[in-house]
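My questions will all concern the structure given below.
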């Protein structure tokens, strides 16, 4: 199913080259001031990934079609749509024969018995992250006491921001791509959110994180490095009656429930799958291996666009619990 | 909510020191042969974590109370319970004053306004992973064409199994604990399982993985290391009409949907939170920091018990999709 | 939440006087032929309720914005929207002061703290049944072996169709309205659909039936009259190995599960709430009782439009179970 | 699925002749005083249906196995079980050959491919209404400001309580059974509960009502008789600023949302299906029609037991919305 959430439910729809993409958001409390302009800041951050992001001009202005009246949310389902445009569909006709490595071409073809819309990745397109960002804007308004700050920590294996520009330029010259790591810090999360076991706060955030195309991993607090730590190093001792802790190895979550300290997690984003560099892969029509190059302009590093998407999914997760 | 799944739904209940713990499993197809003995192999693997696991003798024999008739599942809800025993409740009375670092004592107290059952961690106890393992046994029968193989890859920072015994012994001597990394390989997963976006196969597995107490991270295929790779390195080229790929950097999943190659993921397990080593933490009753030691015998390395639990959650995730 | 269904999920949105109303339908199998024209037959039946239905010309042509490619459903979410038009919003400004008897004006105001869109009933408008009908068209394609036939059995208390025209004319002359009873017969429902207890087939159909504005009751098979029958009269004896029964007092459902005989149910539709006849009701602004008349043209008998809506909800319910 | 509810979720399990039946209730707020004795009053009402109810002595004492600590709910899942006893399983062996008219024997056999537990109706047994009643007791504590009062309005077609005893006696003498109508009045329901369309309060109550075995219809307020009324008769005019209405034809619900007036609904209960009177029905083994009589002692009128069950489902529905 293409929906998520019990208290703030998003149902998304649309394809890269269809007429509209959008989301229905249910469970939005009545009385939140909301207009199209409120979405612009986050949408702009997604759009301007800087060097290495595709120059395709997207028509990213949201259109609120229901759920808002006289400038405030009504409590009825909030539908937000985006019009597609500037798409060239003929580029994609060959992808049934040669499914692009790293893409969903093959799996979508199997799952949907070749009825899937292949144009521009169809429903699997990264363009649909626009919807996550829009939902995130609403979720941030619901979780209004929390600040969400995601930033890039690593590009192409380098922790040094000074090197990123060169790394990306080099990859572009080679017709190749690079990945990155994003960290998200959520301040102001009250203690007591989340459930033991199946709806742990980590479970909700991770569930949503893997809805972002290209995510390969997620870790909270000390994350994978905690596996190499001693308990005495990793445990967070409390320092006062407010529940503040001396360290934050748990990333602000104990037993699935927020402890009032910052919720911190990192996600790994794979290098962009679409590369012009030659790949030797199977042609399902000819039955032969062949050299293959993905045509067109593509982001060399999709991680650059991801911080605001990561903030969005954190906000969506918290909006399930905060009221 | 303490339930998971749309097609194979588990609802769990129980506390460490209550009378029974158990699960209701709904959506189990009729006609699967099932008896109490079927659970023993997996339960034994969880129990015998070897060195560093607690000597507490658990009464781990499952009791099927509904959903099975004449040796076969009936299609009605399958309820499996375990009787608790050998518990000493008085150990836990102080945990409202000094919440144990790394545990849910503080967060549960906030969330449930001090009404939570604190004995032995109550509903947050690692003992409830018994239920995950039992559900996993059933899920493996539903996903009967898939083999699940989880194993320990790292303990206390070491990839070398020869060193693990010493690492754990050293930690125990210090009254400390160590973490580990588990890898799970699922062979025989048919292509086409999972959904784009919100119910991606990674989303489902990750959601469940963070239901396991102590999990700090999860990664699929190349995982976090993919962030430092080039697209040309990370992409998996197809090699034949069956959809086999030359590499498996994606961990068997493209666009949220299985591609027929092995589904591979790794999880990071933190060092056991309960340590006898002195921790300097806050006493919420006295309002003072104080030296604190967790009494009793505890696993020095909970990761040792985790492989079978990790297999269980993989099977539970796949059982949502396979029929 | 404004969504329904686990396997065929509808999420609806929109307001009577907004720009668009629509639905996202998830779980539609790939490969079903579908185009805008397929919706026309059912939509026309809803529109042309004949005498007593409002002359407002609705722009009822559906617009498929996602989920269909080259004439077939893709398996991705199917979004269908309708453009609103021909609306005069100024009519509705007084409804916060004097909530219309029988309408949701008062309850919406309380629930949504006066932030609800009051124009034309907003999200509560009968116009949104357009969405149910559209979803029904899709559901009928999913449940393609079943025929759905709903018809009017009673208008204004009369079982005699010959009298209905006069009954409605009389009510219109008095500025009043009348109700009716609809019966739906579903032929071709295979045995074995539905669940014991909470998701009985009756539960699903009834749940959806009460989503239709104005429905006051539902009964299956012998319905309320069964309460006055003997068991020997009401029980349905089997007559052959196919499971055919001599009578159909159960309306084709035993223990919540279809038995292969026609599924038969009736719903009671109240008289239209909007009447020009004077009603003596409370003015929440002035704090006084006053004489009140609902202005504008309205259906004198909303039951006339309901048969196709009732078919729709039956199809939506069955589409949860048939594949 | 055998669970219901988003905020107060019940998952039920068990069979008539199994060891235990029970429910897991999730979403119970922490801090509600609860002990086994709290269940006794409602359970006793279900048990003592008086004349015409089966003399089988049920072991109806509930056993709280989780979710309560020191006399208060903990916020963790509340599991309540009942031990079965006094069952004679051999009575039921013939029901695969001759499915009892009115029962789920045939449909369960089809749905579960003959793997269902047929003993005593298995999971379909009326005994499982014990669980609904137990869940209702908890739900009433959650919806503590509401009073629930269900009573019998009609037995065997008679509205006159003085005649009921004779009607039931006559039916028993004939080896036959009778049905009845129950009315439930919920006072103290605050205005604003329920959702437009799919989760209307009527939808939730009706969904649960049809989970009660033997229910054939439900109506709210004026119900089916509203179909024969004029709008001017059926509409409820407001009389004061509190939202009180002069009449209650809507049964306390407008647009799916409670309006603060009493929520009133009636359900029709069919005559007991198990009758000793001869029925001429099909033998699926012999392939012949034959005379058939259901052996054993059975309730002549299951409606007698239903009032407390009806209250329970009303409380469960409201517990989804009240906090």
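Going in written order, the chains are labelled A, B, C and D, and every chain counts its residues from 1.
One rule holds for everything that comes next: a contact is a pair of C-beta atoms (placed from the backbone, for glycine too) under 8 Å apart; a residue touches a chain by one contact, two chains touch by 3 or more.
Predicted model, so just to flag it, every value in this text is computed and none were measured.
Engineer: Among the chains, which is located farthest from chain B on the basis of C-alpha centroids?
Structural biologist: C
Engineer: If you average the CA atoms of chain B and of chain D, how far apart do the two points sit, in angstrom?
Structural biologist: Averaging C-alpha atoms per chain gives centres 38 Å apart.
Engineer: Could you put a whole-Å number on the gap between the CA centroids of chain A and chain B?
Structural biologist: Once rounded, the distance between the two centres reads 26 Å.
Engineer: Which integer distance in Å separates the CA centroid of chain A from that of chain D?
Structural biologist: So the centre of chain A lies 45 Å away from the centre of chain D.
Engineer: Show the residues in chain B shared as contacts by 2 or more other chains, in ascending order.
Structural biologist: Correct list: 1-3, 6, 12, 76, 111, 123, 196.
Engineer: Among line, ring, star, complete and other, which best matches the way these chains touch?
Structural biologist: complete
Engineer: For the complex, which residues does chain A have touching chain D?
Structural biologist: Interface residues on chain A, with respect to chain D: 6, 76, 196.
Engineer: Tell me, which parts of chain C touch chain D in their complex?
Structural biologist: 1-4, 6, 10, 12, 99, 101-104, 106-108, 110-111, 123-124, 128, 154, 156-157, 171, 174, 176-181, 191-200, 202-204, 206-211, 213, 215-224, 226-241, 243, 245, 249-251, 253-260, 268-275, 277, 279-282, 284, 287, 289, 303
Engineer: Quick check: in the complex, which residue numbers of chain D touch chain B?
Structural biologist: Where chain D meets chain B, its residues are 1-3, 9, 11-15, 18-22, 24, 26-27, 30-31, 65-67, 69, 72-79, 81, 111-113, 115-117, 119, 122-123.
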